[in-house]
Structures are given as C-alpha cells and as structure tokens.
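Scrolling down, you'll hit the structures one after another.
Two complexes, one shared chain (chain A), two partners (chain B, chain C).
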Partner chain A sequence: MRYTVQKRLVIFSFLCIPVGLLVLFLLYPTVKLFQFSFTNWNGISESFEYTGLKNYITAFQTPEVWTALGNNFLYFILHVIFIPLEVMVAVFLNNKIKGSNFFRSIVFMPYILNGVAVAYIFSYMYNPINGPLNALLGDMNLEFLIRNWLSDSSVVNYSLVAVSLWRFSGFHVILFLAGLQSVPADLYEAATIDGASAFQKFRYITAPGISRVIEIVLFLNVRGALQVFDIPFLMTQGGPGTASTTFTVYTIQTAFKYNNYGLASTLAVILMTIIIVFSMLQSKLFKGRDE
Partner chain B sequence: MRKGKLGIWIAVTALLLSVLSGCSGGGSNKGDNAQGSGSESKTDSSAKAVTLKMVMWDSNNDFITFLNDKVKEYTQVKPNVTIELESFKSDSDYLQAVKVRAGGNALPDIIELKPNWLSDFKEQLMPLDGLGFVSGNKYADKYKVDGKILAVPSVSFPELVYYHPSVFKELNLEVPTTWPQFIDVLNKIKDNGTYIPYAMGGKDAWPDYPFNEFLPHILSDDENYLSAMAEQDAPFAKGTAFYEGFSQIAQLYDAKVMGPDPLGVGWDQATDLFVSKQAAVVASGLWFVPTYVSKTGSSDDLAAFPMPYRQNEDTPLKLMTFTDHFYGISSSTKYADEAKAFMEWFYSPEVYQDYIDHAQLGSAYEGIDANVPFLQDFYNNNKNEPFLYIPGNAAYTDLANAIQLDVKALGQEMMAGKTVDEISTDLNGKWSKAKSGK
Partner chain C sequence: MKNIMPSSLVSYRTSQRLNSFLLYLLFAIISLIVLFPVLINIFTAFKTGPELMKNSPLALPDAWQFTNIKTAFKMGNMLVGFKNTAILVIVSVLLNTVLGSMTAYTLNRFQFGAKKIIMAMFTVAMVIPFYTTEVSRFQIIKSLGLYDSMSAPLLIYAGTDLLQIFIYLQFIEKISNQLDESAMIDGASYFKIFFRIIFPLLIPASATLAIIKAVDIMNDMYIPYLYMPSKELHTLSTALMTFVGQRASDYGLLSAAILIVLLPTIIIYLLLQKFIFSGITEGAIKG
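What follows is the complex of A and B.
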C-alpha cells in the first residue's frame, strides 16, 4: 500500500468515530428538532402532519411564553447586577490575606453542590411552617419582612433568583479570580510608581485584564438565565399556577404534560436562536471595545 | 487538493451515517420491533423462552416488592416465560419515561396506565375485547376508546375526606353532609385555634384535585361531563358546571381554613401535619390509609366521610369513585399471546385477590371483594351514591392540551387570589380559539 493511501486511511479512521458521534448525537437530533418544529407531533403517535409555521406563530402569540421569558430575564438582570459584587469579592480574595484559600473554597462550594440538594435545602429554608428564614426574621424583630417566599406570586421569582445567585456567584468569583491572577504584577507596580490611585489601577489595569473573563461570565449568564430549569422545577414546579415558570420549564411541560412535541421543538429552536443572537451581539460589543 | 478530497470523504461518511441513523429512528417502522418492543428472547431455539417486560408505578415500596415477587410466580405456571417488572416511584416520572419510550417505539410489553392516559396511548395499545379477564371487570366497558377496550382497571376506590374523630369529639363537631356545613366545620376548627382545619399541600398543585378536578364534574351530574365539554363553545362561562363549581371552591379558599400558607407546603408536609394531629382534615383517595397507618401504626384515630359537594340535603350525596392501575398490552409486543396468557393469570381470582389485598384498595372485579376493613367500615357508616370518574375523550384531551388546561394549577392560582371570572374569561377565549383552529 502506498504511503499516501496509508496516511489517508489512518486520517479517515481517526476522524470516522468523532465525526460519526458528532453527526449521530448533535447534527441528527438538531435536524430532527427543526423537522418536528414544523409538525403537530404529539410525542406518542406514530404519525404527524406538517403544519408549516403554525407552531412559530402560536409560540409568539402565547402570552405564557412571554411571561416565562420575562421570568428568565429577571434571572439574567439580577445576575448582571451581581457581577460588580463578584468582581469585588474576587479582588478581595486575590489579596494575600490569612485563610484566603479557605475562603476561596467556601465561595466555590455552592457550585459543586448537587442542584437537587440545593433545591431541597432552600425549600426548607423558605418553609412557611417552622422555616429557618422566617424564624430568623422573627427573632431579629423583622416580622414585617416575613413573606410566603414560594407561594406569593409577586415574591416567588426573587426567592428563586436568590437561590441561583447563591449557587452560581461563587463560580463567577473563581473565574474572575483566575482572570485577576493572569494580570502581570509589574503593571500594578509601575502604576503605583506613577502614583495611580486604586480606582485608576482597577479602571486601567484590572478591568481590561479581565475583560475576556467578563465576556465569558456574561455568555454563561445569558445561557444560564435562558436555560434555567432545575431550581424552579424542583422548588415550585413553575407555580403557584404559572407564576415562576421559565422558558425551559414551559417547554418541558408543553412536551411531556400537554403532549405537544411539535410546539416544544419550536420553543427549543427559538431558545437556541435567542442564545446565538445574544452571544453574537455580546461578542460584537466586546470586539468593538477591544478595537 | 488532498484536503479537498479528505473533506469529500468525511462529508460522504457523515451523510451515510446520517441516512443510516435516520432509517433506524423512523417511528413508523413496525418491522423493526425486535429491539424496540423491549422484549427479548433468551434463546433463538424452539424452546421459546420469553421475557415479558412489565412497567408500573407505586409510591409504596412494600407494594412494589410484593408485585415483583408475585409476577415471578408466573414462571411456575409457564416455565418458559419470565416477567421482568420495572417500577417507578411516582406517576409523573413514570408517564414521562413511558412517553419517551413510546416515541422511540420501545414500549414494554405490559404497560400500566391511568384512565386519563388511555386516549393518548390508543395507538400503542392492543384491543382486549373478548378476552376472559376483561369480561369479569366491572369497569372496563366504561373506559373504551373508540369503542375498544384497551386496558383494564385493577382497582376502584372512593375519594374521601379524612378526619380525626378525637378532634371532632373535642370540638363537638358533626360530620358535614353539605358544602355549607363542611365550610362551617372548618371555620369552627379555625376559630378554636388549636388545629389547622384543612391540610392542603398546595405547593404540589395536584392535592387540590378533590376540589378543582372533581367538584365541577360531580356538580354536572354527568359522568361523561368532560367529553361533553368538547362539544361546547364556552364550557367555562357563567351557568356552566365549571363556573358554578369553581365559585363553590372559591368559597372554601376564601375562608382561609388551610393554614398560614397552603401554597407553601407540599403534600408530604401537609399529610405529616395531619398524621401528627396538627391538622384536622385532609382529602384524598383510599390509597392514603396505608400511608397513614405506616406512619402512626394504626388507624384508631382516623375516619372518613364523602366530600359533601352538594349544597343541601335535598340532592343525593355523590361519592367520587376512581378506577386506577389499568394494565394494557403494547401493540408492538412480539409476544402478544404470552402477554394475554399472563394477564389471564394475573386477573385470575386467586392472584387478583392477593393483589387487591396488598394494594389495600377496592376491587374492580365482580364477585371478588377487597379485604380492607377501613373501606368496609366506611361503607357501613356512610350512605352515598357512587359517581364514577370518566376522563374526557380524545376530542376533549386534544382541546385541553391545546390550551394547556390544568385545573389543579388553576386551583393554585385561585388560592393565590385569581378570581373565577378571570379564569372563566381566559379559558373561554383560549377554548374557542383552539376549537376554531381545528
């Protein structure tokens, strides 16, 4: 066998498996997802009909879809508001303080906890009967702050976002910390010699130094906020009624509870499109700043 | 040039894989059932060793263990047949798993179902009309889909209101037989302040089913009320059973007799409050009794009465009766004859008697009575008229799914303050739109 043929055979053999897996588990399901999004398949029946753009029109005309997206937006915006605080904590932990390794571990701990466990812990914390949170507020003479944390429609989404913040902020802090540690120390030394203030150092050295990390955190935030599922599903099942339903919870219910896989596929396509569009916008924004 | 050729190779391979996987994923490929049916032949020889897969749910571990052991006994009857039982702890997890398998044409041979799932799975179930074990079933005829019996119910049981007789005695309360009396009793318990009157568990949505699901149904006085709704243009409007029923429920929710936060606690916590006698009343099916006994050790301080949906004593006291744990045979099974033979054995008097005695629920078969003392006491002490829960037909199910109708979630919204008028207007709008779009 000629060398070039052997070489091609080896390359082909090595590529065959990963490409095959990619096609089987990524491309094929994605193609099927797009196909189902134009059908009325109920997920059980052996047959279905093509309904054109009906599912897309239904999705955009259904108020519950927009309500669910609004709830997702709350997760996004509150996480964004928390980014400066996360950066501050990272800056603090970046200093050589006693027990900084311990604090870094503590900050990261919520992220590695199982989502189901987190949901159960906070369900207990928010419990209206003998729940620690309301008991604590009572002991501190702050009775006026006591709420039905998971059953009051006007409060429930904030209660759930608080859990999300508790769980993911530590991860963001660790990412920022990694970014901070990649900024060369001599830049700060030079700035100190030049008489720069702490704010000026942050503005002109730290912020540009961790901009790539901020971009990653923002991307994770967009993706995470749009796909948030486990916390509302486990803690409230989207309730009371549909008050805390997020886009993914709504999609899952459309598919499995109401047997409308066609519409659920459409919602999944819409979600994918929103994430891609947001990521592209964000990427352009950061590229513009870099230039 | 070389790079170009390599790219073509990869593209061709990817296309081939895609086409191959596409063929294997075809939902209508009935001939491809060897793996899809979930069954497997232990050998290919003429011995015909067969493994039948059966799938069920139950929240009671002891019952799952019992059933697992019971179905294994079938090997003594038919040595070549092995029953492999797969169990789930909750019906919602079970339903999701079964739907996914149905979509992939990979259903087990014998499937357990709830009555309201039958029309969804009509294409996946084999008609059972004329088979021996169907003829003795008291209810199978009532649950025909498109004129065919697709599954048989294993149990029937009443939906009850449980209470602690000691609490009623302490507060000098009478068992209510009308809706105003029921609310009055709960108000008196609330006024006393010692106990939570009614343990709702509304965080889970489904525990409000005795009200939001059953009350309009019973008020309609038509067991086929849900199917009849599919014919109506505005089934939620003023004057309908739905509107009147929901208005009646609103009276109960507005009375604030369900503790400090009925939506903040789930079913398990609510029943714990009842079991520990912090709450006085709770409503559910007969299946709650084994749970109660397992937690307290006895049913000494437990009694039940029919939910008094009626407004006055001039009308009969209807008792909602539910049939459950239907079993059907998958239409894609490779072993239809073996599955039918197993079902004949499963519902034979001796095996079935053992089944319902362990399930601690009512019998669904003529001539066989369940040995459930609590149930016998209930029937001895309470006069009522059974009212069978019949789910909506395919037309109703399609419409309800199209508007994402979940009456139990609506119950949550009512507890959170949504009015019946708001619900009625919203649902009528969606219903007429869904109906005209058909």
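What follows is the complex of A and C.
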C-alpha cells in the first residue's frame, strides 16, 4: 500500500474512536446543555417548550443559588489561605533530611484514598454523640470548642472545608515540591557565596522557580472549589437545610431530585461561564506579570 | 585538639540540630493530622458494639476482632464491588492507553488539515465542568440504551483527555523519526510502526498514566452512582454508599466497610508510589 493512502487510513482509523468518544460524551452533551437551558424540560416527558431566558432569570433570583456560590467561595478562599503553608511544608520536605521520602508519602496519602471512604470517615469523626473529634477536644480540656459539626449551620461549611483541606493540601505540597526540585541547586550555592540571606534566596530564587506551580495550584483551586460535589453530597446532602449546598450539589439536585432539567442545565451553563471567565482572568494576570 | 574548633562552628551545629528537631516536630504533627482519622477508623472497625458505647472512641480496641470485617464484607456486597471495580479499571485503562497513545502518535507524526481543530476540541473539553455536563450526558447514555450497564462508565472512562495526550506527545517527541524511516525502508506499514515500535517504547509513559487513571476510576463514585444503580453493578464506592445509607448507626460495621474499601488503594499506593508521584507531577507541571 502506498504511504500516502496509508497515511490517510491511519489518521482516520486512529482518531475516529477517541474523537468520537470526545464528541459523543463531552462536546455534544455541552451543546445539548445550552439547548436545554432555554427550555422547561423535566427530563422525562417527550416534549418541552422553549422559554427563552426565563431559567436564567430564575437562577439569579433563587437565594439558594447565591448561598451555594457563597459556600463555593469559602472552599476557594480557605484553600488559598493554605497555599503559603503548603509552600512552607514543601520547602521543608525539600531538605534532604532522613525520612523525608517517608513524610512525603504520608503527606500525599489522603489524595489517593477513596473519596467516599474519606467522606464517611469524617462523618464519624464529626459525630456529635461520642464522636472522636469531640472526645479529643474533651481529653485536651477544650470542651468549649465542642460543636455539632455537621448539623450546626454556622460551622458545617468549615467542617466540610476542613475535609477538603485534609484531602487536597498534600497534593499541592507534592506539586510545590516538584517545582522546587526543578530549581537548579547551583543557583543557591552561588547566592550563598554572594552572601544572600535565607529570605533573599526565597524571594529571588525559590519564589520565581515555583511561580508556575502556584499558577497551576490556583487554577486547580478555582476549578475544584467551583465544582465541589462529593464531600457535601455524601456528608450532609447540602444540609442542614441548604446551609452546606454547593453549586454542583444544587444543580444535581435540581436535575435528578426535582426533575427540573431546564433550570439545571442553565445552572450548568452559568458554572461553565464562571469557570471560563476565571481561567481567562487568571492566565491574563499571570501573563501580564511575566512580561 | 578540642579548642581548635571555632565557637561559631559549634553554635552553627547546635542551631542545625535545633532546626532539624523543629523540622521533625513539624512533620510529626502533620503525620498525626493525616493519620489520626484513618487510625481511628481502623480502631473502630475492630471494636464490638458495647465497646463503642462504653470506651472512648480514641481508645485501642480491647481485643482485635474480625467479626465486623466479615459481616461488612458479606452484607456490604463487597465481593461484587471488588469484581466490578476490577473489571472497570482493567478494561477502561487498557482502552484508554491504546486510544491515548494512538491519538498522540497521529498528532505528532502526521501533518493534516483537521489537526488544529482536533486539538482545539480536546482543549475545549478540558474546561467543561465535569459534574454538570452529566445533566445532558445522562440523556445521551439513556437514549443509546447504555443506562444501568457496565458499558456506560467504560466508554466514559476509556476516552482520552488533553493531559494524557500532552504527556504522550512529550514522550513521542523524544523517539527519533529515524526509527520510523528505517522501518519504512524495510517496508513496514504505519500500523506496524505504531504497534511494533512506538507503542512498546511508550510503555513507561503508559504505566505512569495507567496507574493515575486506575486510581481515579477506583475512587470515582459519581459515574457508577448515576449510571449503574443495580445492586449487581455496584463498585466499591457505590457499595459503600448503599451500605452506609442502610445502617447509619452501627459505627463498628461502617468503619469495617470503609476499611475494606480503603485497603486496595492503600496497597496500590504503597507498591506503586514512585509511578504515582512521577505521573502526578509530570501531568501537572508539564501539562
């Protein structure tokens, strides 16, 4: 067979399945999402009507949507606050001390554990009756801190964000560590000879060396925080009331619990828009600084 | 001899020692925070009902007894969960590896018109929020007649994504074109070149990517929860969800079920750490 004919055959046969799957299960559903967002479809009946922008107006007027977005913001901001700590731990792990590989494994472990199992472990930890966390606080004479961690609407979100921090901080530490290890060691040696202080070394060598990783972590954080689903879904079902509902939990409930596919699609489109806008802003911000 | 050592060096050594002490202290605290919930769960799994009522939840079990583990394993449908999870992981990882490497090979070695469009499509797909597209993907799965069958998650997991393609592309870049050319002189077809030369050379990259993908699939709850509600199709994650939903008060039994689900990931993690680390960092830093 001639290679030009073969080439066409290879391109077609090698790409048709992957691209087909991509179109069928990701791109086409996204197009459908836009279509449904302008309808009053309930997900079951054969027919539906186009209702124009009605769903979009409803979405912005629903208080739960704003509560949910506020909760997502809490995940985002608390993870951002943790970034300096994560960088610090990564810097320490980068020291060649005995056992640093062992600590690295421990730090990273929560990220690979089964999410459902983690959610239920913490449900038990937070148990109000004879639960481990309250027992620990009691043993440490910190009784005044004892709470109904998952049923008190003023603390429930913090309890859930703590689980998210427990699960993902180690992952960020490992990413920062990888960034640190890509900084050449002789830069530090040269700086030491020139008499640079530890702070100066951090400011002029370490920080620029990991700026790309910080960018990635922030990007993952925006996406992750806007899409938080399994922790609140498994631990509180968004409750008590709607106190710990996140945007995704609310969207999924709107679709599958209340059979309002039209509104759920609208919410999905809104979320997609928010994620795209944030990602673009962020890459602008980082590009602007590099130049 | 003793007095030769300058005093500044002595104090430097003491401060080094103090530093490393503080470092170990910090890491001990972090390890405790990480391990505490997991250890408590393990203790609880081996405790009897009365023991849980009577003793502190922080205490070690009086006697390590396996009744909870046995009961949870049987009642929690865990064997079915193991089987289905294993099938999903093995089949989708194999498909995913072949599809991902074929895509990257084609994109790297050939120039053709639709190349830019295909890359753009994969890029767009990366920005789409995973959970929310499910609202419409669910309808597509249903209309294809794949609902409540293994094929729905299999097809979804098998699809390759931008990050995988990027990593494969980096590896293929390093494989010299001369290998392809000399094989062509010998009359080998492109198919033969890919399957006999390129694919075997991509095995290290594939191993890393496969392990990451396997952990992802093993830990996923959402897709099996949505598309395979039948009891016979439960995975480890959904079996655990059902089990917890049914008996929300017996913490010994629940912790045992949780422990059963945790074990496979922990074992894989301990055995394959190196690959997991390199895959995660390569995926994030270079992608």
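As a working rule, the second predicted complex is superposed on the first by the 283 of 291 C-alpha atoms of A that agree within 3 Å, B and C clash if a C-alpha of one lies under 4 Å from a C-alpha of the other, contacts with A are read in each partner's own complex, and residues count from 1 in each chain.
Quick note on the criterion: a contact is a pair of C-beta atoms (placed from the backbone, for glycine too) under 8 Å apart; a residue touches a chain by one contact, two chains touch by 3 or more.
All figures in this text were calculated on a predicted structure; none of them were measured in a lab.
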First (chain B), second (chain C), both or neither touched by A:F171: second
Which of chain B and chain C A:E46 touches, first, second, both or neither: first
Touching partner for A:I205 - first (chain B), second (chain C), both, neither: neither
Contacts of A:G115 with chain B and chain C, given as first, second, both or neither: second
Which of chain B and chain C A:G241 touches, first, second, both or neither: first
First (chain B), second (chain C), both or neither touched by A:Q253: first
Touched chain A residues, chain B compared with chain C: C
Which of chain B and chain C A:L136 touches, first, second, both or neither: second
First (chain B), second (chain C), both or neither touched by A:N127: both
Chain B versus chain C as contact partner of A:L78, first or second or both or neither: neither
Footprint overlap on chain A, comparing chain B with chain C: 11, 15, 19, 23-24, 27-28, 32, 43, 127, 256, 261
Interface residues, chain A side, partner chain B - complex: 8, 11-12, 15-16, 19-20, 23-24, 27-28, 31-32, 42-47, 64, 126-129, 148-153, 236-237, 239-243, 253-254, 256-261
Contact set on chain B toward chain A in their complex: 2, 5-6, 9-10, 13-14, 17-18, 21-22, 25, 27-28, 95-96, 99, 102-103, 105, 120-121, 123-124, 202-205, 259-265, 269, 273, 401-402, 404, 406, 409-410, 412-413, 415-418
Residue ranges of chain C touching chain A (in the complex, touch as defined): 20, 23-24, 26-27, 30-31, 33-35, 37-38, 40-41, 44, 52-53, 56-58, 99-100, 102-103, 105-106, 110, 112, 118, 121-122, 124-125, 127-140, 155-156, 158-160, 184, 189-191, 194, 215, 218-222, 226, 236-237, 240-241, 244, 251, 254-255, 258, 261-262, 265-266, 269, 273, 276-277, 280-281, 284-285
Residues of chain A that touch chain C when the two form their complex: 1, 3, 6-7, 9-11, 14-15, 17-19, 21-30, 32-33, 36, 43, 89, 92, 95, 97, 99, 103-110, 112-117, 120-122, 124-125, 127, 130-132, 135-136, 139, 166, 170-171, 174-175, 178-179, 182, 212-213, 216, 220, 223, 226-227, 229-230, 234, 248, 251-252, 255-256, 261, 264-265, 267-268, 271-272, 275-276, 279
